[in-house]
Amino acid sequence: MSYSEYSQSYLTIAVLIGAGAGMFGLMLGLARLVRPTRPQLDKYVTYESGSDPIGGWGQANVRYYIYALLFVMFDVEAVFIFPWALRVDSLGVFGLVEVGIFIVILALGLLYAWRKGVLRWV
Amino acid sequence: MTAAASTLALEIPWGVLLGAKVMIILTLLPLTALILGYVFLMKMMAHMQSRLGPMDPGGFHGWFQLIGDGIKFIQKEDVMPADADRRVFALAPMIILISTFVVYAVIPAGPRLVVEDLEVGIFFALAVSSLSVIGVLMAGWASSNKFALLGALRAAGQLIAYELPLVLAVVGVIMQAGTMSLQGIVGAQANGEIFGWGAVGNPFVLTQAVGFVLFLAAAQAELTQTPFDMPVAESELVAGYQVEYTGFRWLFFQMSEYATAFALAGIAATLFLGGWYVPGVEGTAADVLGPLVLFAKIMAISFVIFWVRFTYPRFREDQLQAMAWKYLIPLSLLNILVTGILKVVF
Amino acid sequence: MGPQNVAFGVIAASMVLAAVRVVTTRNVVHAALYLVVVLGGVAGLYVLLAAEFVAWAQVLIYIGAILVLLLFGIMLTRAPLHASSELDNDQRWAAAIVSLGLVGLLVGLLADTFGRQRVRPAQVFGGGELADSIFNDFLVPFEVVSMLLLAALIGAVVLARRDD
Amino acid sequence: MGLVEQGKIPKPLTWLMNYSRKYSLWMYQWGLACCAIEMGAALASPRYDMMRLGVIPFPASPRQADLIVVSGTLTDKMAPALKRLYEQMPDPKYVISMGSCANCGGPYWDSYSVTKGVDQIIPVDVYIPGCPPRPEALLQGVVLLQERIQNEEMGPRWRGEPIIVGQPGAHDHLPETAVAVSSA
Amino acid sequence: MAVTEQQQQAFIGKHLAEAQVAVELQDEDMVLNIGPQHPATHGTLRVVVKLDGERVVAADPVIGYMHRGYEKLTEYRSYPQVTTLINRIDWLSSFANEVPFIHAGEQIMGIEAPPRAVYIRTVLTELSRIATFLLFLGEMGAQVGAITPVFYGFRDREYVLNLIEAATGGRFHPNFNRIGGLKDDVPAGWIAETRRMMDKVFESCDTFENLLEGNEIFLARTKGIGIIPGDVGKGYGVSGSNLRASGVDWDLRRDAPYLAYPEVDFKVWTHPGGDSWSRYWVRLQETREAARIVVDLLDRLPSGPVMAKVPRIIKVPPGESWVRVENPLGEMGYYVVSKGATGPFRVKIRSASFSNVSILPWLLKGVYVPDLITILASLYFILGDIDR
Amino acid sequence: MLLNQYLILAAVLFCIGVYGVLARRHAVLVLMSVELMLNAVNVNLVAFSVHLREISGQVFALFVITVAAAEVGVGLAIVLLIYRNMASPYLDRVDSMKG
């Protein structure tokens, strides 16, 4: 694939992204023409089952952080595995062993997290 | 597409072609959402529950139902909570929509019918669809609503946890096909053979059955469909991160959900079921039949997705995460290693 | 002025604007979202440079993973919905002077060194070429990367775990 | 200001919009008392299956709902919450008052804690008598509401003006008990 | 007893939650209102929960959103009018509600209903039990996220409602009981029809067993969730299936016989688990058992009148009576004081759900939000029965 | 395209990152500024890789991304620890080591 063909296809992608945003804007603009606006006292109150929203708003649980962290690590791993997957044949046994070690080391991390109990809710 | 034009012996200028492509994708997005929503959500669910589903709207079996919903949502007021972060709140659905709809660009529907056959096609699709997490977090945070925040965190936690099996299940296919281009993967399946018997090609569902199951399970979770619908669990979080969204903005969430279902089913069909390929059809005939074949395969896969959705109760958040981390991800890593070993040995 | 240059201009301008907003905005979540723009812009630059695989790796890892991690981090530290004036310390002016000085210095140096050298992407780099390079030339770093990730994982788990 | 309030929507488009509003009544999953069970039967029982009429019981939050069926006794303690939830629904929105309690207090007409009629706090489009009304009655109420939506003027509804029915026109043939005056 | 200590903790936790709201949250907890409008609360219950992430630190049910002032209203109504009203306390099993009040009246007046009336009352009570539990079986699925069971629940419930309607004229609130008997006899062909429908009920119980019991996810969501130990349950006054699911073998139908129950041989189902699953399981078994009781009673339905001799205008002589029965939701009791007028002087209602939800602050401590929903669904309360 | 386009853009990004690191006191914002700097480096690496027709630049960019992932992971864990102990995400509160 030559660079010019390549850039054309990405131009298409870029135009698509633009068109997606355009459609979003267009539809909302259309809706704006038609829809009513009727301010009512409670309409802009945050919904909380019909009660007054009380107290501080929100924080997350540290558990999610650990999941996200595990995800980042394995995502990075996946990105390294992809190129290898393209060249399994030419890299042969050598590549396989390399990637095997790579995967096993990261799997150790998962095992560690598992053993440490961070995959449970407590 | 380019070559489809040349078979018609027409030289279509690139700009016109681009416009046509964009228009096709733009119409496909709501159209697929409508089809999936109507066929599965409205009708199939109703019949599974010994009901009829919408019958009145439009006269014939309620075909107008979802179109009517769309037109109604245009007329709905756009409400933003006073506490909300207005810009972020407004933009979140757009991010989710775009992350879905760019994926359509790389799914081939015939030997020459593809918007852009990127060299890194499947990787591109995975990367772009991972952006929806940002949109979900934006929506949940900007709503200033506790249900929304809890829902967004659950959704994000779930989307990322199941992103991995999704990505890793694809690796096996790439290993077998030796390319990341979706067109190339279809080609590899069309020309492949199993143990010297190549009559139906080599749909990777046969050799990558584990990968296929992993992919479907992960897709189910990515779509936040039951049993993985914790983020938008009605009976708990009301509507999760979408709770404060009204009117058209909310419709965009729904549309993206069904469009994503369609796109993921399309990718699954392409990766594992041979995409547009059907044995015996080649050349221009494949360009005509290809979209229909692909559509049939997509509907078959979507049927499974929605079947599961209407049958199962939902997991609890920790069970859901445990399933991803303790079963799906180790299994997909194992799948990669085994595929690699087999590939290198044979 | 080729189309590539136009694209570059658009991307660069939005990146710089967003980057400035990252370091000046008074809302933490907004900063993270502006960072999305910068990171997306970087991916765009990679695409322009025909580094296709790296571009989408950037999107997958940086935006899809690292930024989500950052957002989780922000929400764990209680992200307020409204602007807060406490995000900056009192060294703003000093910092501005330092970085402006640095910009001047670097730009001067670069202009002097590379002048009008051109960059001509000739070949598109998908993943395959990267694999060849990684598995032939960078084997040790590759394995070290996995050790690094493992170490980071263990470290972070130890740090973030609540012992109750 | 939208086009509807200025009356600039052409007639066929008005018809289409009314038609789609009519068949896309997303109803809020929420019940108050006895009637809620009959409402549930109308929605979830395959025999009645209100979804046939395009009433989708999907949203659990008021933000995506078009229709609220006040099904059951409204108490004075609940009334502010009901009003808030009603107001949190985006316009255009419709209200069906289901059952005697919601209409007028029903058997609790002399109770100290019951609001005698939900129309004291929110405008009602259709009243359904009964204690509780059978699911069929709710279906009939929905059909009446749909008829009203099909024939309504969008402008007044958009502006939130009182909607008077009973003038010569579309609703003459309807029983008086079922369709009454709604005021916003 | 362990209860008081935990009760105290729950109480302190609740007040901490309230104090926290007053002084801007200091730590990582947040206060969330679940209800009065929320799909999980079956109407208008409001549970104020204090959350740490997704864990419930303290939960405080706020009731009264459905309070209609029953006990006051009964003071201004005559006996037949009160029967109309109390139908609507527990609106799912209306017929079962009428029985204890009518019994109380009959006891004070010294009247006994004829045997045929007693039998039909028993049959109708069991039918309303089936109707109630079928809804529960479907609803429980819906609350843990399965969409389909609720439709089956409603579908099969119609069979029973049709029977009740055929016999009493009212699908929902029959108002069929009179002091001294029943308004009417059952219509012709009703008995055969009921037998046929009971077969369908058995079938539908099997369906639910297949749909939910064999489902791994359903098991994972309910097993070990919301465990009520037997003595804690008794301490809080939990009754009915909820208590039997905690292994307490206590059923008023057997232990304090009324209606025709002494003449029926039926099994009181218990389960030692005490968790949401056991509550589900016990109710499923009780649905079957109720259908069996119905079939059994129909076989031996005595003939004769359905109304004893009572004056046209009922005046109950001065006196008082306390009647309690085993309703589908649990123990329902009426304490009726009469001063000789056409209406009662004072009625005190002991409703099952009120006591059942009083265990919530204790039970919800430390569970996760999804489990909270499961627990609320499995306790199975009716708002009217809580608030009256 | 000029090589310097990329290099100068990277330099500007880098300096914005430097400003952020110096001027911000919210720990997460400092981490974000570090990300800016790392990305600037990556742009340089890839630009040179293409300019010199040498793929190792891109491999290094991947490695840098990896390192950034590890850095953010551990960095945020530390921030969380600080937040938990000091109830504040601001770095200048962490001065108990100061004499």
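Think of it as A, B, C, D, E and F in the order they're written, each chain with its own count starting at 1.
The rule is simple: a residue touches a chain if its C-beta (ideal position, glycine included) is under 8 Å from a C-beta of that chain, and two chains touch if they have at least 3 such contacts.
The structure displayed is predicted, hence computed values, not measured ones.
*Asks:* What chains touch chain C and also chain F?
*Replies:* A
*Asks:* With contacts defined as at the top, give the pair, B-D or A-B, that has more of them.
*Replies:* A-B
*Asks:* Between chain C and chain D, tell me the centre distance in angstrom, where each centre is the average of that chain's C-alpha atoms.
*Replies:* Spacing between the chain centres: roughly 53 Å.
*Asks:* What whole-Å value do you get for the distance between chain A and chain E if each is reduced to the mean of its CA atoms?
*Replies:* The answer is 46 Å.
*Asks:* Quick check: how many Å separate the C-alpha centres of chain A and chain C?
*Replies:* It comes to 16 Å between the two C-alpha centres.
*Asks:* Could you work out how far the Cα centre of chain D sits from that of chain F, in whole Å?
*Replies:* 56
*Asks:* Chain F: which residues touch two or more other chains?
*Replies:* Residues 62, 65-66, 69, 72-73, 76-77, 80.
*Asks:* So which stretches of chain C touch two or more other chains?
*Replies:* Within chain C, residues 4, 48, 50, 52-53, 57, 60-61, 64-66, 68-69, 72-73, 75-76, 78-79, 81, 121-124, 126-127, 130, 132, 134, 145, 149, 152-153, 156-157, 160, 162 contact more than one other chain.
*Asks:* What are the residues of chain B that contact at least two other chains?
*Replies:* Answer for chain B, listing residues that touch two or more other chains: 49-51, 75-79, 83, 118-119, 123, 144, 146-147, 149, 153, 156, 160, 163, 167, 180, 234-235, 238, 243-244, 247, 317-318.
*Asks:* Sort out which chains touch which and give me every pair.
*Replies:* A-B, A-C, A-D, A-E, A-F, B-C, B-D, B-E, C-F, D-E
*Asks:* Enumerate the contact residues on chain C facing chain F in the complex.
*Replies:* 2, 4-5, 8, 12, 15-16, 19-20, 22-23, 28, 31-32, 35, 38-39, 42, 45-46, 48-51, 53-54, 57-58, 61-62, 65-66, 69-70, 72-74, 76-78, 86-89, 91-92, 94-96, 98-100, 102-103, 106-107, 110-111, 114-123, 125, 129-130, 132-134, 137-138, 141, 145, 148-149, 151-153, 155-157, 159-160, 162
*Asks:* Which of the residues in chain C come into contact with chain A in the complex?
*Replies:* 3-4, 7, 47-48, 50, 52-53, 57, 60-61, 64-66, 68-69, 72-73, 75-76, 78-79, 81, 121-124, 126-128, 130-132, 134-135, 139, 142-143, 145-147, 149-150, 152-154, 156-157, 160-162
*Asks:* Which of the residues in chain A end up touching chain F in this complex?
*Replies:* Residue positions touching the partner: 62, 65, 69, 72-73, 75-76, 79-80.
*Asks:* In the complex of these two chains, what residues of chain E are touching chain D?
*Replies:* So the residues of chain E touching chain D come out as 36-39, 43-44, 64-69, 72-73, 76, 84-85, 88, 91-92, 135, 138, 150-151, 153-155, 157-158, 171-173, 383-384.
*Asks:* Residue numbers of chain A touching chain E in their complex, please.
*Replies:* Within the complex, chain A touches chain E at residues 48-63, 121.
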